[in-house]
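Naming follows writing order (A, B, C and D), and every chain is counted from residue 1.
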Amino acid sequence: MSNNIKRIAVMTSGGDAPGMNAAIRAVVRSCAYHGLECYGIFRGYEGMIEGDFEELGPRSVKNIINRGGTFLKSARSKEFRTAEGRLKAYQELTKAGIDAMVVIGGDGTFTGAHILYKEHGFPIVGLPGTIDNDINGTDYTIGYDTALNTVVEAIDKIRDTASSHNRLFLVEVMGRDAGDIALNAGVGAGAEEILIPEQDMGQDRLLESLKRSKKSGKTSSIVVVAEGDQIGKNILGLADYIREHLTEYEVKVTVLGHIQRGGTPSCYDRVLASRLGVGAIDALLAGEKDVMIGISHNKVVTVPFKHAIEGENEIDIELIRVADITSV
Amino acid sequence: MSNNIKRIAVMTSGGDAPGMNAAIRAVVRSCAYHGLECYGIFRGYEGMIEGDFEELGPRSVKNIINRGGTFLKSARSKEFRTAEGRLKAYQELTKAGIDAMVVIGGDGTFTGAHILYKEHGFPIVGLPGTIDNDINGTDYTIGYDTALNTVVEAIDKIRDTASSHNRLFLVEVMGRDAGDIALNAGVGAGAEEILIPEQDMGQDRLLESLKRSKKSGKTSSIVVVAEGDQIGKNILGLADYIREHLTEYEVKVTVLGHIQRGGTPSCYDRVLASRLGVGAIDALLAGEKDVMIGISHNKVVTVPFKHAIEGENEIDIELIRVADITSV
Amino acid sequence: MSNNIKRIAVMTSGGDAPGMNAAIRAVVRSCAYHGLECYGIFRGYEGMIEGDFEELGPRSVKNIINRGGTFLKSARSKEFRTAEGRLKAYQELTKAGIDAMVVIGGDGTFTGAHILYKEHGFPIVGLPGTIDNDINGTDYTIGYDTALNTVVEAIDKIRDTASSHNRLFLVEVMGRDAGDIALNAGVGAGAEEILIPEQDMGQDRLLESLKRSKKSGKTSSIVVVAEGDQIGKNILGLADYIREHLTEYEVKVTVLGHIQRGGTPSCYDRVLASRLGVGAIDALLAGEKDVMIGISHNKVVTVPFKHAIEGENEIDIELIRVADITSV
Amino acid sequence: MSNNIKRIAVMTSGGDAPGMNAAIRAVVRSCAYHGLECYGIFRGYEGMIEGDFEELGPRSVKNIINRGGTFLKSARSKEFRTAEGRLKAYQELTKAGIDAMVVIGGDGTFTGAHILYKEHGFPIVGLPGTIDNDINGTDYTIGYDTALNTVVEAIDKIRDTASSHNRLFLVEVMGRDAGDIALNAGVGAGAEEILIPEQDMGQDRLLESLKRSKKSGKTSSIVVVAEGDQIGKNILGLADYIREHLTEYEVKVTVLGHIQRGGTPSCYDRVLASRLGVGAIDALLAGEKDVMIGISHNKVVTVPFKHAIEGENEIDIELIRVADITSV
């Protein structure tokens, strides 16, 4: 225990994700539980460099477990990418008497933390907070489950119109490199086709598939497209291509956009955030540093930052088969 | 009573709107209540011309009051725009022994019904079903209240991200000619600015206003833009313009799109649809024809089609003032 | 204009209702717009007596338009019911230099305000904030529309189970004296029967109606019961009575309870709250006092407190007929 | 492959759960995919005995993935509990040419299926469909995730009122034998205390804890109570006990009841149901019988019915600690 840690800071960085507030709350309360002081750092690495800190007690985080976004705010910092910027950040942390830190964010956030640790030996533990579920070593990231529900609810609404008008809708969802949101939300929304970056379907196979759908008696169709998919990148062009070659379809496009990042977190994300927040303080007290706290097989696990930020997203072959079968 | 009406048809046409199913249900059950036969016409005027009819009893419409879209489906019909098409439609109606009809839709739907009545004397009553609230003579259209809630919920989510990142979001909502959705949802979502077709703000006044917001201490902003607004029509161009002139803002664009048409109807829309559906059968039995059934000052009223489809949308001056004051 | 009003206080009192925060926000920002100072009073009349005040600027009320409850909190005050208590309250108000006040609540709140005005001449304007919609002189109260949506969403869920199991559900909703919630949400939820305080149906007519439902082919049923209904008051007893006399039904009871008071306000309630909040400051500046600001025929109106708190709730005969017809 | 299976039946039984329709859809479409015929059995074992079967093609299950409840309906069957009843059921299945079956339900459903297999050798595979998450050998049951979200959303609403009025709310949630819902939803809702059947806290320790909460500055509290908890069983009595001993608290009780069983399934439940439905047909084609298809460590697994229905629910010690820490 101990390692002489008495004052801990917590920070969110990168794109916001539902459940970040629940994670901050768990960190702050876990500090109180262990008799540690806790400081919030505002606006990510930017605020760290500027020394924008504030002490947080257990009542500071009341009534935030259900709120989307992050009350500590988030920002990108060019300065932190320089060695000078990181030195300044380190000096602000030590000046404020902070002994260790919990950062909540995605791989960019972890990369920054990893370098700060390497350069200055500052003990940092990370929590995976991003809707993209693209972090190595954790089965789920905080915010992913909520984003899936948001996408599925949105497509449920679009399906009302699709089936009322016998239309084909192309729905673009987030996922520049990872098709997790598209694949899971596509299966959950009952999409006819799902286009993901990990797998290039090709326009012609998509056309073939849509023709088969029509023949099988389907009167309306939803195609879910991850923004990073090869043929879906230019979604308006894809719509034109389909219109040209499948004249029986009335094709419409919807880009879901930023609604996917916000919203009240799901129960799963709140519980995950609470478990990981508690786990972060446990890890720091046990002398861990330069690691992410993740969830694997429903157990809280420790993963070196180095491992968390490397690796390519793997495609879930079983789920692709489920998608194919259930859209018969 | 009577007018010898024994068999009534019901149909939805134009863009779908939440609450259309609740309206159909009320029409069908009201027919059963009065001992009349009821037929559903599928796919609007298209299905009318093709004789795509089906008898509906009170149990045919169970468990649909809460579903978005329209189970009778909707479609556009080029053929109905010709006198030959309308003659065919009239012949199908009489061949099926239908004595009168209820149509649910917007001004295009009413225009078609009005002409059919003028050419063939067929008794038709209309119900205003459109999210746009742009029909003359009724305070509310079926689907409008639900669309407002959908927009406000979406902007609530976007605001999570906006305030986490201190960003400016331009959010495009439906409304080619009418700013009702933008103005009401903008006030409801706490938007800083609302751009509507009825009022040309001009890019410069928008810039001035955003500068004032920033000075007054606002760290994030939502601008709601009706798709038909003069300077908002090209929303991507507008975003570029703001980026260029207000470099302190990080500007993002979200187009809400088709999620605004779907979804489970609100209680208000279900009750309105039920009242108007009952009112439609009352009106037909009282000998009315060539009229819309609307709501005015919370009373069910009868409005000639001719009046319903004319007139420009009026801007609500009081609400614009409320928007200005509450975004101080 | 003016009346030398420079500092205004705002307060919520009585049961909380969704939209109260939106109303506070509108009052605070309207003060800022007119160059007036604004103070929040915490915990209703209790906090008024204790001088629990805090200055509120336009940024104090950011990001609250979408939150249920009231951040100024609410409480009951025994002391305010005494002349001494009210004198103390008056003295605290004057000591703090407050010239006029906006109170948000129901008839109990208005009664208190009316007496305070009569005893001490203090200028007060009230806003109707209650889910019960039981205030005279306004078509809608702030929170009512949201409560209707909450009830309808809950019954939609219960209907899933009811129709999966062919059951009869008795669902108790709020409404001790007024059946507005039960009647509107009952129509919106497609209830088979609706029991309200204003109309005593009697157990036998309910049994008859349920028998007819069964015969007409209905396999499941929802009966919405206002808590103040004559035969529904003892809802468990009513369930037993039905079980005994209609053995073919499996009867279940659900009491919705306090979920009806909370939740994110609907767009309608947010807009209504914003309009009335702006209207309250307009009224005070125009020299009004001892009045409620309400909505009538979609216009903001001024109603003497005396009129707002008197009168019995009237039953909407037309809507009862709609309920009867649409549940055929 | 094969085993000469050509015709498969699917059935739901026991309490309904969100996602059952998604599971039926996956079974039906997987049959179509493999070229098998599929029949739906209505009203569980009751309908099996009565031969209430209907052929289902891939289009029969369109637009149901997002609907709560089960369109095949569910019922309890006394007759199936007798050997004669089961013989009759078996005869109906063979008469209809059905070669194998998928049943969706909880441990009662599996027990029935296990006996039917033992007595008549009929190949049956089960899917865990219940909100209670109390089945051995699967990490999650279909419907559980949705129920957690429903409970958390309801408590979010109650918290609005609790914190507006500084009240203590006792909220009863489902769980006669298992505290999973209470524990997870309690952590997710930020409850101060969580009472579960697996652990008897005792009234005195609850009082002590609530006193500590008050001292630590909490002004409102939510206590989540599983219906099977020792001291929470009589929730009204518990409320009285608290009122008597902690007079500073205003105590309110809400029983969430049947809203927990219904509602649109979450994305997780839809995907889980789809995977398990596909897995069920895979298993039958691979010659499996007398087994449940579950999910373990995010892989589809096969569990003998005998194992699935035995065993006590285990309490998650780590999550109890998280609950204690995050409610500091």
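By definition in this document, contacts are C-beta pairs under 8 Å (C-beta built on N, C-alpha and C of every residue); 3 or more make two chains touch, one makes a residue touch a chain.
Going by UniProt, the chains are A, B, C, D = ATP-dependent 6-phosphofructokinase.
Computed from a prediction, not measured in an experiment: that's the story for all the values here.
Centroid distances from subunit C, each centroid being the mean of CA atoms, peak for A. One finds 35 Å separating the Cα centroids of subunit C and subunit D.
Rounded to whole angstrom, the centroid-to-centroid distance between subunit A and subunit D, based on C-alpha atoms, equals 28 Å. The geometric centre of subunit B is 39 Å away from that of subunit D, both derived from CA atoms.
For subunit A, the set of residues touching two or more other chains reads 156, 159, 163. Chain contacts in this assembly form a single closed ring in which each chain touches exactly two others. Contact residues of subunit D toward subunit C in the complex are 12, 15-16, 18, 43, 67-70, 73-75, 150, 154, 156-161, 163-166, 169, 252-259, 261-263.
Across the interface of their complex, subunit D is touched by residues 25-26, 29-30, 32-33, 58-59, 62-63, 65-66, 139, 145, 148-149, 151-153, 156, 159, 163, 184-185, 187-190, 216-218, 264, 266-268, 270-271, 274-275, 277-278, 297-298, 300, 318-319, 321-322, 324-328 of subunit A.
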